[in-house]
Amino acid sequence: MFAAGFMMNAWTTATIVAVVAGVVGYFVVLRGSAFPAHAIPKGAFAGAAGAALLGINTLIGLGVFSLLGALGIGAMSRRGKRDVVTALTLVLMLALGAAFLSRITEYEPEIYSLLFGEILGVSTSEILPVALLGIACIAAIAVIYRPLMLASIAPEIAEARGIRSHRIDMCFLVVLALATTMTVPVVGALLIFSLMIGPPAAARSLTSRPLLAMCLSVVIALVTVWAAIAASYVYNWPVGFFVGVFGALSYGLGRGWAAWQRTRTTRPAGLEGALGH
Amino acid sequence: MHQLYAAVFEPGFFASVQVHVAVTIGGVVAVVCAVTGVFTVMRGQSFAGHALGDVSAAGGSGALLAGLSPVAGFVGLGIIAAAVMDLIGVQRVRSRDMATGIVLGAAIGLSALFLYLTSVTGATTGAVQQVLFGSIFTTPSGTIPIVAVLGAIALASLAAICRPLLLSTLSPDIAAARGVPVRLIGVLYMLALAVSVGLSSVATGAILSTALLIGPAAAALRLTRRVGRAVGLACLIGVLSTWLGVLLAYDSYYWGSSHDGLPVSFFIVAVIFVTYLASGLPALRAARRTGQPAAPAPVAERDKIAA
Amino acid sequence: MTGERLSGAGPAEILAVDGVSVSLGGRQILDEVSFVIGAGQFTGLIGPNGAGKTTLLRVILGLQRPTAGNVAVLGRPRSLRAQPIGYVPQKVLLDPDMPMRARDLVALGLDGNRYGLRLPSKERGQAVGEMLHAVDAERFADARVGNLSGGEQQRVLIAHALISRPRLLLLDEPLANLDLRSGQEIISLLARIAAEQQIAVLLSAHEMNPLLPVMDRIVYLAGGRAASGPAGEVVTTEVLSRLYGHHVDVLHVHGRVLVVAASGDDQLAAVPLPTAEAS
C-alpha cells in the first residue's frame, strides 16, 4: 500500500486535502454553511466541463465557476434568502454544465473522476499546485480569523465593532471557492463536501474550544481520508464511497459521544440566587 | 403575423410526440414541485429539497443495478433518507442542515459505488450523465401515469396537513400549545417532499427537480402576501417556465449552423432564474421610494443557540 | 423548601402546578414550584430575569419535561389530546417573506389545528375582524406579519390566541416590547376579556407594577422557588426575603412597589429589583 509511487502521491495529496477540509470545514459547520459548501464544488464541476469544451485546463474552469458561484451566492444573499439563492445559483451553474456537456461527446470517465475524485490517479506534478493552493487557503483563514470568528458567533457585536458581516461572508465564500478548486480534482466535487461536514461536526460535538476543535477536525478528516484510501486499496471499491460513509460515521460517533456526555453529567444541584444568572 | 408565429414556433413543434410528452410531464412535475416548494421555501428547507434530489439519483442508480424499477429506487431511497434526516435533525435550522448534509454525503458515497459497479458490470454507458442530468425529452411516455399518481398523493397529503403545517412553521411552540403534533407533521411534510423530489428527479432530472421546487415558489412568495395565492402563482410560474423552456429547446435545434440545440434543462433553469430575479424588482422599487433597505436577509444562516 | 400557597383557590381550577422542579445542565432552575389558578383569575408570574419564568411556562405547555412534579390543566395532565392552551410567546422570529398577513395569522387561530382544506367564509372573516378590532390591530391587518414591529406582532399574537376561546392563556413577557401606554391598553384588554370569558390568564413579567391594578393573584418566582397568593400577601419583606434566601426590603413608594436588595452587612445598596432590570 505504501510502496507504489502513485500510492505515495495519493497519501500526500489526501493529507493536504484533509487539512484544508478540516480547517475550512470548521467554519462551514460553525456558520451553518452546509448548502454553499455543497453547491460551490458542484457548480465548479460545471465549470470544468466548460473548460474541457474550450480545451483549456480544467483547473481554470473549476476556479472560475467556483468563484462565480461564491460571488453569486454572496451577492444575491443581500436581498434573497440564503438557501434559496444557493439553490438557484447551483442549478444555474449545473444547467450551464449540462449545456457544455451536450456539446462534448467523449467525457464520461472524466465526469466520474471530477465528481468522485481520482485520488489514486494523482500524478507527482499535481502535488505542488495542490499544496500551494492549500497553503493559500489556510493563510487566508489565518488572516481573517478573528473577524470571521466574531461575525460567525455574534454578528451583532461584530457589526458594532465595524466588521461588516456581509464582507466577511463574501470573504469566507471566496475561501470556500478556493478550497474547492484545489480539492475537487483529488476528492471530487461531491465528496469534498463530506470532508467539510462530517469531521468538523464531530469535532464540535467533542469540544467547544475553537482551536482545539479545528485541530480535532483536521485529525478526524485525516483519519477519514486515510481509512478511505486504505479501504479502497483493499476492497477495490471507489475511494468516494468510503469517504462518504466514514464521514457519516464520524458525525454519528461525535453525536453519540455528546449524548453520552450529557447523560453522565450529574453536577450537584445548587440553588443559585435569583440575582443574575 | 404569420412570420412571427413561424419564428416563435419552429416547424413540427405542436406535432412532435416528444414535445407532447415533455409538455405533459413537465407540466405535472412543475405543479407538484411548485406546491411542495412553497412550503419548502417557507420552512427554509431548500437544502433538504435539493439534497433529496441527489439521494434519489443514488436510489436510481442502485435500482438500475438491482434490476428494479428506477421510480421505485428514486422515490424509495428518498423516503428513507427523508426519514433519517428528520430523525437525526432537530428543530433548529442549523442542525437540520447538518443532518441533511450528512445524509447527502452518505448518499453520494453510495452513488459513487453504484455508478462504479454499473460501469464494471458493463451496463449502460452514459449512466452518470443520465442519472445526473436526465432530460425530459428522453423520459418514456409510460412514466406519465406513475408520475401523475405519485404527484397526486404528495399533493393530497400536503393539502390535508396544510393548516397545522403552516402553524407549526410559524411557531412550533404555539402549534404544540394548540395540540398540533408538530414532530409528526414535520415528518409527513418531509415524506411528501421526498416523493415530490423523487418523482421530479426521475421524470425531469436532478437539476430541474431542484429548480422547479425552489425557483417558482421563491418568486411567488416575494410577490404575494397570501399562501393560497402564492401556491397558485408558483404553479403558474412553474408551468409557464417549463413550457417556455421546452419551446426554446425545440427551437434551438434550428438556431445557428450546427443544428445541435441545447438541453431543455438549460432553458427552463434560465427562465426560472430570470423570473426569480425579476420577482425581486417590486420590493427594490418600493425600497428605493421609501429610502429603506429592502427586506434584509440574514447574512449568516446560523440561528440562536437555545440555552 | 416547598412552594408557599397562601390562599385557597375559589373558582373552578384550571391550572394546577404541583411540586415542579427543573434542573438543566447541572443547574436547578425551578425548585418545587406549586400553585393553582382558577377560571377568570388574572395571575402575574413575576420574577427577575433569569428566574425561570419562561421555563415554568414551557413546563406548563408540555414543551419541557420537569425533573419532578406534574402539571394538570383542567384536571388532566398535558398530552397531545389535551385541551388546547392559548400561548403568546415572547418572540416569534418571523420571516419577512412569510406569506401571511396579520389577518391570516389571526384566522389560523380559529382552526390552525384542523386538517384538510377549507373555503373562506363570511363568519370567519367577521370573527377575525372583530378580534382585530378588539386588540386595536386593524391598521396593520393586511401587512405581512414579518414586517410588523414587536408591539404590533404582540397584539396580533394575542388576537390569535384569544380567538380560539382558550380556557387558559399564557403570555411570556408581553410587556417587554411595548411602550407604557400600549402595555396598559393590552393589560386592561386582557383583564376584561379574561373576566368576560372566564379565562385563566398567566402573564409573566419582570416588573409587577403595571399589573398591580388588574392582578388577582401573583406567583413570585425567585431563587427557583415560588410563592403564590394575592399580591398584598406575597409581596412582603418576610415572604420575599425567604424566597430570595437573603434579606430584601419591600418598599411602597407613591403607590408603586419596589423590591430592594441589601448588599453587605451594614450597607444598603440601592439595587432596586425588578424595576431597574433592563430586559
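We just call them A, B and C in the order they show up, numbering each chain from 1.
The rule is short, and it goes like this: contacts are C-beta pairs under 8 Å (C-beta built on N, C-alpha and C of every residue); 3 or more make two chains touch, one makes a residue touch a chain.
What you see is a predicted model, and the numbers here were worked out from it, not measured in a lab.
Visitor: Of the chains shown, whose Cα mean is nearest the mean of all protein Cα atoms?
Guide: Most central by this criterion: B.
Visitor: Which of the chain pairs holds the record for C-beta pairs in contact?
Guide: Going pair by pair, the biggest contact count turns up for A-B.
Visitor: Centroid of chain B to centroid of chain C, CA atoms only: how many Å?
Guide: 42
Visitor: Could you give the separation in Å between the centres of chain A and chain B, each centre being the mean of its C-alpha atoms?
Guide: 24
Visitor: On chain B, where are the residues touching two or more other chains?
Guide: Each of 41, 44, 295, 303 in chain B touches at least two other chains.
Visitor: Give me the residue numbers in chain A that touch at least two other chains, ranges are fine.
Guide: Correct list: 81.
Visitor: Among the residues of chain C, which are close enough to touch at least two other chains?
Guide: If we look for residues of chain C contacting two or more partner chains, we find 95, 97.
Visitor: Report the residues of chain B in contact with chain A in the complex, numbered from low to high.
Guide: Chain B reaches chain A through residues 41, 44-47, 49-51, 54, 88, 93-94, 97-98, 100-113, 115-116, 119, 125-126, 128-129, 132-133, 207-208, 210-211, 213-215, 218, 260-263, 265-266, 268-270, 272-273, 276, 280, 283-284, 294-295, 297-303.
Visitor: List the residues on chain A that touch chain B in their complex, please.
Guide: So the residues of chain A in touch with chain B come to 29-35, 37-38, 77-84, 86-88, 90-92, 94-99, 101-103, 108, 111-112, 115-116, 151-152, 155, 165-166, 169, 188, 190-191, 193-194, 197-198, 201, 237-238, 240-245, 247-248, 251-252, 255.
Visitor: Note which residues of chain C are touching chain B in the complex, please.
Guide: Result: residues 24, 58, 61-63, 80-82, 84-87, 89, 92-101, 104-105, 108, 111-118, 142, 144, 146, 157, 160-161, 164, 170 of chain C touch chain B.
Visitor: Which stretch or stretches of chain B touch chain C in the complex?
Guide: 38, 41-42, 44, 159-164, 166-167, 170-171, 173-181, 221-222, 224-227, 229-230, 295-296, 303, 307
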